[in-house]
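Next come two complexes built around chain A: one with chain B, the other with chain C.
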Partner chain A sequence: MRARNRIAYGFLAPYLLIFAVFWIWPIIYSFYLSFLSTRAVPWTWAPHMNWGRLWIDPAFWNALRNTLVILFIQVPVMIALATLLAVLLNSQLLKARGIMRFAFFAPVVVGEVAYAAVFRLMFNADFGVINKILTGVGLPAVSWFSNPTAAMALIIMAVTWRWVGYNAIIILAGLQSIPDDVYEAATLDKVSKTKQFFFITLPLLRPIILVCVVLSVIGTMQLFAEPFLITNRGGPGGATETLGLFLYRQGFTVLNFGYASAVAYTIAGLAIIISLINFWLGRDPK
Partner chain B sequence: MAGVTLKNVVKRFGSVQVIHGASLEVEDGEFVVFVGPSGCGKSTLLRIVAGLEDASEGEIEIDGMLVNDVEPADRGIAMVFQSYALYPHMTVEQNLSFGLRMNGNPREDTNRRVQKAAEILRINELMKRRPKQLSGGQRQRVAIGRAIVREPEVFLFDEPLSNLDAELRVQMRVEIARLHSELGTTMIYVTHDQTEAMTLADKIVVLRDGKIEQVGKPLDLYDDPANQFVAGFMGSPKMNFMEASVKSASNGSATVKLVNQGGAMITLPVSDGPAVGDRVTVGVRPEHFRAAGQGDCDIDLNIDVAEHLGSTSYIYANTKSGEQLIVEREESRSEVGLEKLTASIPAQQAFLFDAQGKRLN
Partner chain C sequence: MRVKLGCATLALCVAMGASGANAQSGELTIWSWNIAASSLEAVVEGFNAQYPDISVRVDDLGNQQVFDRLLAGCAAGGAGLPDIVSIENHEAEIFWAQFPDCFVNLRDLGYTEELASEFPDFKRTELEVGDAAYAMPWDSGPVVMFYRRDFYENAGVDPASIQTWDDFIEAGIAIAEANPGVTMTRADLNGDTEWVRMIGNEQGCGFFSDDGSAITVNQPGCVAALEKVKEMVDAGIMTAADWDEKIQANNAGTVASQMYGGWYEGTIRSTVPEDQHGLWGVYLMPSLDANGPRAANLGGSSLAITSASQNPEAAWAYVNYTLGTNEGQVTMLREYGLVPSLLSALDDPYVSEPLEFWGGQAVWVDILGTLDDVVPSRGTPFFGDADAIVQAAQTQYINGAFESAQAALDDAASQIALVTGLPIAE
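Now for the complex of A and B:
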């Protein structure tokens, strides 16, 4: 190794050390843990126990089902909204574009606890503003926190609100990379604005939208804060318990780290598989 | 087929006015070239004709119809952009047919038009490729093809060749000339390359700072420029300009002193009489210089650089006071390595301009 490189690695060493201890090692160690029985001290080698339990644990299947339901509703809705929002934020007609862009991006910066508290207040069954509006226009009030379907909808709305602006900003960057003259050429070709959107904008945005979808899939697979904070630890009665919450419960409430590790690996595996399917579905048609 | 008429067109971007009352008549089937230095408003004027920009004032007529409020797509024009503006995600074939398909044109007709355009431009082998997979010249052909399939009344080109290398540019220039003679359609062509302008145009429009300086046939502009700007813009190498002051002026002629040529005097015919003492400029094209003693005024030059091209040579020279001149000479092998030269100005072929650049003879 050349002296220069040695010095460079010297400077990198503190980072690499921390990276190895707090990143690489837990990944390896948790894989090992998933093959141990950790329900009682001392932990013992039991390679089939945790992985076998996954298949038959109704609580795990419940969490998996909830996560996938949220995923398959929330991600498409959010990406569609984000695309629409990006087009609006890119519009020449919009006044104060900078402020608007920041406003829609802002939820990402707001602390999770604060945003959860606001949602809990807004959706409060008795005095929340949402129910006030619903009853105001003659609709029945919704028990957001005790009706399982409503609670699920609440989680989906909250996650969408939080991340739609973030995705819109990414898509906006993609929009701005499409040159104006392509649209001018289409205008001269007598292609309406709507058709321009579907036949030019969307196809050209496809790679960026794909990135947004994959990032959102990964994020939603790990969903934790919203069901923990807004619907009271996956309530009502586990109706909004997600895989992330289930993992937390197994690991840090029950202290069954082996089982929690197996769940963690399952989450990562599913995220990778769904992402790969997305990439495959969204590949460049040849 | 259609002519294009502009009447007192003015264009403002916010408070900045960039076109100052342009009026122009383009005949049916004519090839008109807009030339002028960068930023003079050529593209803007073209985009106003296309309808991509609205005129702030004035009228635009295509085929005798007022089109100020007509949508770009309904004006019967097709435009070729400097950047090609191809649809990046479509194949060449899809690029050509996109507009027709989107408007429900019958499939057979679309195919026929695409096929015809592909043949005219010789891009048959490229039909399945994407723009990314094409060279600059091929992209340009596709861009022109996309204009052809629209079967427009008027073609608009905005510097279509400026992104190509010199050789390809010459080749495409010939192609465009061929296209014009084949289709016979009205074409308006923007360039700042005056060779393109001279070779392609039936009529050249010289623009400066948003004003039309002169309109005319290429050789008329060359032989009879209205002012110093047009004289300097048309022709390559450029016309030489020499500072002078009027020594005496009589009816129909003026004698001026070339202040930077050691006080050489020359008498030129003038129509518009300058006053004695006026600062004027004498213009001589490089090829109009004659051998010593054969013109009306000899000037002594120091040669800086001589370019010997085989048939002609260009002598880049200066005088004692530092004025730069270019002299074109018939090639003579014996002149290689020469350091000094005496050239002579023929009065009949020299131009005279006043201090504002207005032509005096």
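Now for the complex of A and C:
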């Protein structure tokens, strides 16, 4: 190694050390843990116990199904809304754009605990404003926290509310990078605004939207705070328990670190697979 | 002479030892929740009269937070833990199974077998492993029905006539009709299995057998409990509410009855507005049939001292004063309605006093009268696993995903077997 490199690595050493201790080591150690039986001290070597249980554990499949439901409903809805919002925010007709952009971005800035508390109050079955509005217009009140389907809908709404503005800002940046002359040429050729959106805007936005989808997929795979805080730890009865919550419950409520590690590796594997599929679907057509 | 001298010296030593203990000083931190935390603060005054130099700070973290943070702290080798922690009995065994080194063996600090025998056996089994005692029993939770006298009277319902759960459902419909906007009762259907556990325990059924060696959640008592819960939900007399929402409903006067362990006495008394004083009363929980058992236990906690404590002797002094003396236990009963598990405290005159808040009813006579009939129910180290599974079965059954309660709990039992490796009892 040349002296220059040695000095460079010397400067990097503090960071690399911390990275090794707090990232690399836990990642390796948890892989090892996933092969142990951790139900009681002392922990023993039992490679089939956790990995075998994963396949036949209905609670794991329930968490996986819940996560996929959120993934396949919430992510497309949110990305569509975000794209629409970005186009609107980009409109020349819009006044006070800065304030508008901030207003839609603001939910991300709000702390999870604070907004979860507000959602819990708003959707409270007895006193909540949402049920007051529903009954006010003649619709039946919904028990948002007791009905499994309603609870899932609530989680999807909450996550969408929180992240749609964030994605809209990313897409907005993409919109602004599309050169004006493309639209000018299309307008001269008498292409309607709607067609311009579908045949110019969307194709040119494809890489940006792909980034948003990948980020959202990873976020959904790790979804934790909303079902933990809003529907009270994935309630009712596990109906909104996501993989992240399931992992937490195995690790820190029933203290089965081995199984929790196996679940963690499975989540990471799934996130990689789904992201690869995303990139494959979003690849440039040759 | 020499013998006498020896005795005198011994007595002197004991006396010095005792006064030495009183001269202890230091700061203690305790983790607890809700009124349990408040009652721990209430005894500090009496404790400081004996131990003026020990200052006590109680952190009210909330029930689930104490459990989560204690597990995390123990997993991290005791980092950030307080001196004393409150642990619910049915959740306790996972701590001793996973982290025996995280807690001080109270036997080493002076918790003798003689002291321990002052507590009922059903409170001790979960706290002692072999010769080690990791926690000292605190309160117990004999279940009763708390009710609003005025709402029942408006509907012409005499609580003494409610003997079975079917009576309760019938009364609930009448009460809702006579009191617009009032629901008969609330249960934490979304985040707990409390009602299934209470009725199940009444009928002699728990998640696990008494020795913790087999799964019993699909036995007839628990099945009947789950069936009754669904019947109540379907009849519209029971709606979901968590701990906080129940208190909101109490305060807003939108609920006619709440079933809980005796410790809920203090919660009601200390949280409802002034104009509800005298309007509440207590009756025994209904049963499946008219002559059936009407006693169960829900909750009840203990205090443990962590190995992270810098001052275990002072911590023991506080725990022993709070839980091991009538003075400490009765203070908590009087202030916040925590039911003493120290047997001698039950003879205190306060227990038989008619209480103004309860419309002149001597509620503690009624509540404590059921204690002898309570069947023990073992938590085991797998309580957390089992509870989550039964919660899911409960939600699915109530929402119609299972044909019968038996099918729901058979499914739950097989899942618990998968997770714990324990056999399902025949």
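The rule is simple: the second predicted complex is superposed on the first by the 282 of 286 C-alpha atoms of A that agree within 3 Å, B and C clash if a C-alpha of one lies under 4 Å from a C-alpha of the other, contacts with A are read in each partner's own complex, and residues count from 1 in each chain.
To be clear about the criterion, a contact is a pair of C-beta atoms (placed from the backbone, for glycine too) under 8 Å apart; a residue touches a chain by one contact, two chains touch by 3 or more.
Just so it is clear, the model here is predicted, and its values are computed rather than measured.
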Following superposition onto chain A, is the placement of chain B relative to chain C best described as a clash or a fit? fit
By the touch definition at the top of the document, which applies to A:Leu12: first (chain B), second (chain C), both, or neither? neither
Does chain B (first) or chain C (second) touch A:Phe199, or do both, or does neither? first
May I ask you to decide whether A:Ile273 touches chain B, chain C, both, or neither, giving the answer as first, second, both or neither? neither
Applying the touch criterion given at the start, work out whether A:Glu184 contacts chain B, chain C, both or neither, answering first, second, both or neither. first
Have a look at where A:Gly235 lands relative to chain B and chain C in the superposition and call it first, second, both or neither. second
Which of the two, chain B or chain C, is in touch with more residues of chain A? C
Just chain B (first), just chain C (second), both, or neither: which does A:Pro58 touch? second
Give me, in Å and rounded to a whole number, the least C-alpha distance separating chain B from chain C in the superposition. 51
Quick check on my understanding: which residues of chain A belong to both its chain B contact set and its chain C contact set? none
The chain C residues in contact with chain A across the complex are 67-68, 71-72, 75, 94, 97-100, 189-191, 239-242, 245, 248-249, 252, 254, 381-382, 384-385, 388-389, 391-396, 399, 415, 418-421
Interface with chain B, chain A side, in the complex: residues 179, 181-182, 184-192, 195, 199-200, 203-204
So, in the complex, the side of chain B touching chain A is made of residues 50, 52, 71-74, 77-79, 81, 83, 85-89, 98-99, 102-103, 146, 150
Help me check something: in the complex, which residues belonging to chain A touch chain C? 39-41, 53, 56-59, 62, 124-127, 143, 145-148, 151, 231-233, 235-239, 249, 252-255, 257
